[in-house]
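Same chain, two partners: chain A is paired with chain B first, then with chain C.
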Partner chain A sequence: MILLLPAVGVMVLLAIALAALLQFSVLEFIPGSLRTGGLTTRNLEAVLKPQYLRYIWDTVVLSALTTVLTLVASYPVAYALARSRSAKLRSLLLVLTLAPFFTGAIVRTYAWMLVLGTTFIPWPVKLLFEPAGVLIGLVHFSMPTMILILAAAISHIDRTYEHAAASLGARPWRVFRRVTLPLSMPGVASGSLVVFAWTFSAFPTPELLGGGRVKMIANVVKDLALDAFNWPGSAAFAAVALAVTFLLLAVVTRALARAGGAAA
Partner chain B sequence: MARRSRVAVLLAAVLLFTGPARAADPLVVSVWGGNWKDTIEKVVAKPFTAKTGIPVEFEVGGTLDRLAKARVAKAAPLVDITFTTSHVGRLYMSDGLFQKLDMAKLPNANELAREAMRSDSHVGVWAYVYTIAYRPDQVKMNITKWADLWDPQLKGKVGMPDFDPSHIITISALLEGGDERTWQKGQERLKRLKPNVAAFFSTDARSQDLMKTGEAPVQVMLSINAFHLIEQGLPVKVVNPADKPGVVGIDTMAIMAGTKKSDAAHQFIDLALSREIQEQLVATFKAGPTNLKAVVPAKLRGQPGVFGTPAEWKERGYIMDDETRATSLPAWKEWFNASIVAK
Partner chain C sequence: MIGRVVVALLVGFMTLPTVVVVIASFNPTAILSFPPAGLSLRWYENALTYSQFHRAAVNSLIVTGASALLALPVGTAAALALVRRPLRARGFWSAMLLSPLIIPGVAVGLGFLILAARFGLLVNHVVLIAAHTVLVLPFVIRSVAVSAANVDPQLERAAASLGARPWRVFRRVTLPLLRPGLFAALLFAVIVSANEFVVSLFISTRVTEILPVAMFTYVVNYTDPTMAALSTLFIAATFVVVFLADRVLRLSRILRIEDHR
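This part shows the complex of A and B:
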């Protein structure tokens, strides 16, 4: 029981912070002042306007696309990392996967700005300051985590199932499709959940690669709080976004659990 | 003997940790980081310490981070002096975070331009303008006025701040016969600028990056940043717009309410406003002095944001009303995000 105390302490602190956020969200905003007025529902009404709901929708779409693309791009790498017979290849893949963790998100994003911009590469379509550019940055940012989660899941699959399928005449692709992939679904589910959740709260990638044109929830919270000095409005938007996050995570968790169960 | 030496060591320790520290209680100055802090440290703080014996420490951060910090530390301020922009100073004042300045303790304030006295609590230390800066190597046309920003030749080339769209909103309104109070007059004009916008930036550093990489070679830019890029060897032209003047920004100093070092803080501010220090600040920042007696280097005279006489202050820059700006910014920002930034 005593071992739970630190966790309980952290939870209490988070609950206090959340309570402060919710309290601020219902206080009246006075333009040009840091003081707040009395209780009001105006902040919540304001952030439920189409303009703000669109930011939430954009965040949902970008997070979902990032999750799917990250999964597709990461699976082959994770498979090779878990299954390659060459120790050298496995080491190389591991180093390449871990390397981004040793560079900060800001450094990586600045590097992407140079790559996606037209200064060095004359891209036929505009990528920088467009949703596509933000998506590329988010996928790159998420891949290392997804790869590690998937590789762990794949390496835990008992290979005798695959051998049994092969010995019964299944070709490698069929073995993968009918045995390996379904058995790796717990990893797919956890990886997707993690990537979806943290992309939902992404800040530096859309801030820098979006050039102000592509905004996700965290960017709008910052806009309201630090640029417009509207702290109650910012708190209200953060509270709404938090509610949407919980709701979506519940839906995604359920869907993934169902998919994992069906696959098993 | 051993006992005596132990007592001596103890006394020395007490003296070391209490005595000298009390004598040199530092003045804490809140300011922007990087070149801002370095320059203020070198140009103002060092002479101040040499003159008064009071050391100066700095708390650095962005304009609004520091505002947020000051607010939560209201009961026991962590800093004695704050440098901030004039309209954000209004926000500090709205929450009672600044104390009233004792003008009798600021004799150098008598030499200031009238526009530099932003309120009875904050006073301008240097000026600049938001104006057009562009790279002639990447833009074929010669830009001479604000209206040129709307030229179809600049399609996808313009960068502007989105953290504070006050300047372009005000300019659009001025071009349509309004001003910041009747900003709606410029809304339609500003919407027509959308095709020309390449990117929005949220910090000065990003603005300079966009200019360097050529992603946004025409910008509504802080004159100081433009001069900085020129100094770095980048081909940048800073425009003195012919149709409407640049929008003036005045950075200010104020003393925090509740500070126990009010006298020292007044001395610091007075020193920063003195002619000699102002001349050094101007030369370093390429900004305009607020002290009218400060001599501006010849190569800076007449440049955007550098005003040397009361007439220049009046004619060569447009100064927004701080109160209007502070109260309208949330609405401006919301409209700007919805109508200009959004695709």
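This part shows the complex of A and C:
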């Protein structure tokens, strides 16, 4: 128990910071000043005004699309990573998967600015500073996480089930669809929820690839806090993102607890 | 066969930005063109001589070094408590300690900004170091916990039965057995902190900002390929680190992608 104390102390620091955020979300904003006035619900009401509600809706849509596309794009790579017979190929896939994970948000997003601009590839439609470009960047950003979660899930499947299905005459595709895919569902579920939650509060990708035209909640938080110096208004938006994240976390924990029995 | 093509295309999609950045970094002119009109190292020179990048690199060293040094012992102790000791409400404690992984960066950043402003701490690195320690702690705990779960308690009992005091058992038996986990923890801590951007953006000033924040500011203000050169250096360093880590640590084991053959 004593061993836990220092780490708990560090987390208390985080808790205090988040408490300060929640406190600011209900304090009155005084324009031109960093001081705050008395208690008010105006900041939280402002979140639901049409001009801001639009950004929340965009965030939800982009997060949902990102989750689905990331899942579809990651599964084949995860399957190859977990099942390839060549150790060299597995190692190569792992390094290529992890490298963008480790290169950091700014480098990756800047790289997509170059790719999505028209100097290198003459795209037939405008991608940079459009929702489509932001979506591509978000999917690319989420793929390593999804691949790692899926690969771990697939590698834990007992192969005798697949061998049994194959020996009973099922073709490879049928084995995959009826045995492997259902058994990897816990990974699919947890990967999707993690990606959705992360995308919901994505910042650098929409900031740079959206170019101010496409905005998600985190971009509004930054605009209000660092450009307009409206910390209370910004805190209200951050509180919404925080609430959605915790709600999703509760759903994940429940779903995993239920799936845990079946997966073990 | 179709499967291989699909996997190759997807991996191609994942590596495409990296390839484009590397090509762009050698572009001779400020306005990018493809195919490039020649080869030039001028953007590398620019990136390495830009004084704000120098200052930011020093800040990065301070913040990453300090937060890794803080998080490593704190996280190791927590991981041992979570894995090795009888503990009530284990699920609650581990969820709490891993929570920074999922809390939105803008919320953490704004929260620390409000705190820092209240206590007048934005003038130095203290808040950055505190926030980075919070953010890397889950990675340290997870890496060490995986190693700790594999340590056979019999070995420690054997040492203790031969008369070693608890501290000596820890130093001579437990710690050496934890070494792979500690290396992985250090690796993750350094990489996560060195790349941290969102939270740092909120709590740094022009004087204290770390490299990713300085790079962000540069991208927003300038379009020349200096950033491509700096990115290429970042990518090269990362590749070397990940490759070495895979060699030394068998990353797949740490990430629990198991090999059943």
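Annotations
The working rule: the second predicted complex is superposed on the first by the 237 of 264 C-alpha atoms of A that agree within 3 Å, B and C clash if a C-alpha of one lies under 4 Å from a C-alpha of the other, contacts with A are read in each partner's own complex, and residues count from 1 in each chain.
In this section, a residue touches a chain if its C-beta (ideal position, glycine included) is under 8 Å from a C-beta of that chain, and two chains touch if they have at least 3 such contacts.
What you see is a predicted model; the values in this text were computed from it and never measured.
After superposition onto chain A, partners chain B and chain C are found to clash with each other. Using the contact criterion defined above for the overlaid structures, shared-chain residue A:201 touches chain C, although it does not reach chain B.
Using the contact criterion defined above for the overlaid structures, shared-chain residue A:223 touches chain B, although it does not reach chain C.
Contact with neither chain B nor chain C is seen for A:47 once the two complexes are overlaid on the shared chain.
Touched residues of chain A were counted for both chain B and chain C, and C has more of them.
In the superposed model, A:106 lies in contact with chain C only, and not with chain B. Within the superposed three-chain model, A:56 lies out of touch with both chain B and chain C [touch as defined at top]. In the superposition on chain A, contact is made by A:129 with chain B only, not with chain C. By the touch criterion defined above, A:236 lies against neither chain B nor chain C after alignment on the C-alpha atoms of chain A.
By the touch criterion stated above, A:212 is placed in contact with chain B alone, chain C being left untouched. Once the two complexes are laid over each other on the shared chain, residue contacts for A:119 go to chain B and to chain C alike.
Among the listed stretches 7-15, 97-105, 133-141 or 205-213 of chain C, only 205-213 clashes with chain B once the two complexes are superposed.
Taken together, the two complexes place residues 34, 113-114, 117, 119, 208, 226 of chain A in contact with chain B and also with chain C. Remark: chain A residues 29, 31-35, 51, 54, 113-114, 117-119, 128-129, 207-208, 211-213, 215, 223, 226-230, 233 touch chain B in the complex. Considering their complex, residues 1, 3-4, 6-8, 10-11, 13-14, 16-21, 24, 34, 73-74, 76-77, 80-82, 85, 90-91, 93-100, 102-108, 110-115, 117, 119-121, 140, 143-144, 148, 151-152, 155-156, 159, 194, 197-198, 200-201, 203-204, 208, 217-218, 221-222, 225-226, 231, 234-235, 238-239, 241-242, 245, 249, 253 of chain A touch chain C. Of all residues in chain B, those touching chain A in their complex are 62, 64-65, 67-68, 71, 90-92, 94-95, 162-164, 198-202, 206, 209, 213-215, 323, 326-331, 333-334, 337-338, 341-343. Per the touch definition, chain C reaches chain A in the complex via residues 3, 6-7, 10-11, 13-18, 20-21, 23-24, 31-34, 71, 73-75, 77-78, 80-82, 85, 87, 93, 95-97, 99-100, 102-108, 110-115, 117-118, 130, 133-134, 137, 141, 191, 194-195, 197-198, 201-202, 212, 215-216, 219-220, 227-228, 231, 234-235, 238-239, 241-243, 246, 251-252, 255-261.
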